[in-house]
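Going in written order, the chains are labelled A, B and C, and every chain counts its residues from 1.
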Amino acid sequence: MASLRGRSLVSVDELTGAEIMGLLKLAGDMAKAIGFGDSKGARAPMAPLDAILAAMFYEPSTRTRLSFESAMLRLGGQATGFAQSTSSSAAKGESLADSVRIVSGYADLIVIRHPLEGAGRVAVRASKVPVINGGDGAHLHPTQTLTDLFLLQRRKGRIAGLKVGLLGDLRHGRTVHSLAPALARLGAEVVCIAPPQLGMPRPVLKRVAEATGALPPEVTAVDEVVGSLDALYVTRVQKERFEEPGGHQDVVGAYRVDRALLAKAPPEMLVMHPLPRVDEIDPAVDDDPRAVYFEQADGGVPVRMALIAAMLGLHDLPRVTVEERPLNALTPVADVTDHCDNDRCVTVHEPGVPPEFVTFAGETVCAYCERPLREGG
Amino acid sequence: MASLRGRSLVSVDELTGAEIMGLLKLAGDMAKAIGFGDSKGARAPMAPLDAILAAMFYEPSTRTRLSFESAMLRLGGQATGFAQSTSSSAAKGESLADSVRIVSGYADLIVIRHPLEGAGRVAVRASKVPVINGGDGAHLHPTQTLTDLFLLQRRKGRIAGLKVGLLGDLRHGRTVHSLAPALARLGAEVVCIAPPQLGMPRPVLKRVAEATGALPPEVTAVDEVVGSLDALYVTRVQKERFEEPGGHQDVVGAYRVDRALLAKAPPEMLVMHPLPRVDEIDPAVDDDPRAVYFEQADGGVPVRMALIAAMLGLHDLPRVTVEERPLNALTPVADVTDHCDNDRCVTVHEPGVPPEFVTFAGETVCAYCERPLREGG
Amino acid sequence: MASLRGRSLVSVDELTGAEIMGLLKLAGDMAKAIGFGDSKGARAPMAPLDAILAAMFYEPSTRTRLSFESAMLRLGGQATGFAQSTSSSAAKGESLADSVRIVSGYADLIVIRHPLEGAGRVAVRASKVPVINGGDGAHLHPTQTLTDLFLLQRRKGRIAGLKVGLLGDLRHGRTVHSLAPALARLGAEVVCIAPPQLGMPRPVLKRVAEATGALPPEVTAVDEVVGSLDALYVTRVQKERFEEPGGHQDVVGAYRVDRALLAKAPPEMLVMHPLPRVDEIDPAVDDDPRAVYFEQADGGVPVRMALIAAMLGLHDLPRVTVEERPLNALTPVADVTDHCDNDRCVTVHEPGVPPEFVTFAGETVCAYCERPLREGG
């Protein structure tokens, strides 16, 4: 049986399709155990678990931190950590690696959120215990992707064959960059719906094509496709991404999910959102049975319970047969003498982390932040 | 038997007199169980409780948060949450209702502290699980009132018939606005002791009169009444309330509790204070056996244990016979087209919360912040 | 058998040599119980402990706070508290003593970190429960010293007879001020290695001499002595201590521990550091088996477990025979009318704390911050 015991998780790409589906199945068992979507009385009592989760949050993220802590507590374990980077150690100039190494002596598992891209990979290398990447800047947030997939699997009974529309700011939206390739390799169909200036980045499109054999369709009008979707995944359109005043309002207006849009959608189409939402979804649709974003958020707890339990070796992963369309492995690129030119990359700020590059969707990208090297090596 | 299972608590006014007295009795049992006022060795071991309290503190309040967390831990449960509003979600523009809804998927009970008046009511409406108002701006703080009543009941064996002097800044003191009507309906006599400019607000006086049939006496000199009191409840006089320099010092001087004042007080009179105190009580009286403010603070743990246990359905409320003098119910006022004009009211800041008004002590007040509508509806 | 039940700990000086060695032995048992340095599978399950640790951290210190919380959780207990001084109570002008008194009603044990020197002593006097000083400004940090001693005892099997070099900024380094006298009275030999302007303060040197009968040797070049040491204890050289630009770099350069220095050191010499390190130790030596600073940091958990367990009365101290060279007791100095002139001393800021002075190494020092009185009393 597959096991994640002792492994870390920086990116969903590190998991095989069978491991992902096994985690979702285990998350379903966890959901049942905590009476998820049930009356509270149905909860099975948990045995105490002699394990500590340390949450190292260098930038605040209430929902991610609380869902991890809640997951650990629901498993019977304990949680400690910090909620923002006012740590005297960082102020004194300590490296991220040293800080992680030390905290790894206090806990059995670490979840780290850090503003620098690639910080999760640095943490994994420094830690004595397994590490979960809880978000590294604008880069990766694998447990969000697992939570998204869990909702689909739970509500639709499958992922393969679903048609999922990704809507909004696909250029900057971290969640969709991980979700699109994951959907593709698990057999779902992806449709990108965005204004031209906020389209899905080329490398992500190519990554999807690795699995499916073709670039996913890109449309600008949600009306065109909403009638054919199994799920509509909405993302936040951030005001600060627009240079011209008013540009933000125009886009939000055109991509806002409201009752008028839902009138054109199939009766079983799910409306998803990683939350927090601001103006992208009219609160008037919260009562529509297709609006599942709060249930989606609730799923973060059983999903993280499953992941933690698997990494601590409490459970093997249930065996699930998956017809996976695998992504290309990221192959190391030798002889690159350049440094990563992404100033949000951890290699630029952390001492003692030599540059490394890999091939990703045909391009040479930094092994930490996965940003393409501007001019080649 | 009465039960609070599944109920929320925004205001003490939502509890009947029997429920209040039942909670105080249950708090007494809890106090015994944790060896309150006893040697530590006397504590009964708690069985593990498979429940999580989420503390959502949008402004810091060490003592309230710690006493809630301590209460939950003493019950065998677990606590998580945040201690101040640096949450990225709030920064990203998420509504309070959305934040509460999501956290309610991570926990079995929420305690919320928020700077806006009426925030507790918004939280109750958004949450899947019971919510306790841990203080909403200058508005309500019901567990403080229960803690105050617990001390009186514990030390005096009763509340009915006691004569309680409320001293200091009664105009701005949140705690006395809840305590005075609660004392009145449980049969105690209230005396207001304050300088003219810091007197008890008219609606609170009228609320007391609803229960007792007469407005409570108001005096300006503590010497006049201290000899006849069962308890003297001291509140903080805040420097920032005074426009003229020196005005603060004059008032603090006249209303300071010191050895000279206590020499005029009965030997059994209790000196209470919600704490923190600054200059209102001379530390030299801390050793006087009548100074019970620290014991009062200690009572916050068993009181919150009782409340949590009752709301989680772990305990029914003990049956207590109370001769209650009930307050008038707050009746909805229809056809008010105005908005609340209190700029600290949650309805002014939170999207999607339509104005609501109720009748309180004969006045039309906002259903959220309970401030009178300036010019009628 | 010796017991620390109900006792507080402000300074290592309050412990006898037998108590220190008993704590280290108990810490060894704790280390075994949590599988320290072992595979995780070896951990013995802990029984739940019905006790709460409150961490009152008025300035952030991630590693100290997390290691205390981890220790309490590993013992089966619970932890609560605050991580920085944004407490509304402090902002409202509450005294430290009042805050501690109140929190002591919520917990069974307090650990306090405060920027003012002597704050630990104020906390002990105000608290109903035992208090551990988790660092009071630049003054004392006793659990760091115990952690340092634990590493030596664990790796060398003894402390008596070891030759320990203290390297770096010995003038401002809080850790070495406690460690040096502790080593001396347990029979170790201390060598001070520092640039002239950053030498060990005279009172600490005299304190060492109280135990050993002679002032410890002071050298400026680490090369001279490194070949004869059992352990080299490195401290941070802080940039802000230097007035002239470049002075910092010169000193760091001369006192940096790198491969070249280790080539001259004995094969069994331990390289220790309280961490965080910045430039004092080249990361290239992390892989040297003599570099034990991370193992040293890991030891913070079993050491704090032992201390907490002893103070809560869960364990008596194992009996250990120690040939102690005792330090002089601090004798109260009467008739000092002066105030402490150290503006970081808690007596200068906290109301209601009268000045007290004691004799320390032949000098009149403040009983709180232990700084010498400038001009006598």
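We adopt the following convention: contacts are C-beta pairs under 8 Å (C-beta built on N, C-alpha and C of every residue); 3 or more make two chains touch, one makes a residue touch a chain.
Treat the numbers as computed from the prediction; the structure is a model and nothing was measured.
Engineer: To test your reading of the model: what rotation angle superimposes chain A on chain C by C-alpha positions, in degrees to the nearest 5?
Structural biologist: 120
Engineer: What's the call on chain A versus chain B, same or different interface residues, using the half cut on shared numbers?
Structural biologist: Different; most numbers are used by only one of chain A and chain B.
Engineer: For chain A and chain B, let me know how many angstrom lie between their CA-based centres, rounded off.
Structural biologist: Here the centre of chain B sits 42 Å away from the centre of chain A.
Engineer: Listing for chain B: what residues touch at least two other chains?
Structural biologist: 48, 83
Engineer: So in the complex, the part of chain C that touches chain A is made up of which residues?
Structural biologist: Interface residues on chain C, with respect to chain A: 40, 43, 45-46, 48, 59-63, 65-67, 69-70, 73-74, 79, 83-84, 236, 275-278, 283, 294, 297-298, 300-301.
Engineer: Enumerate the contact residues on chain A facing chain C in the complex.
Structural biologist: Within the complex, chain A touches chain C at residues 48, 50, 52, 54, 78, 80-83, 86-89, 91-95, 98-99, 101-103, 105-108, 351-352.
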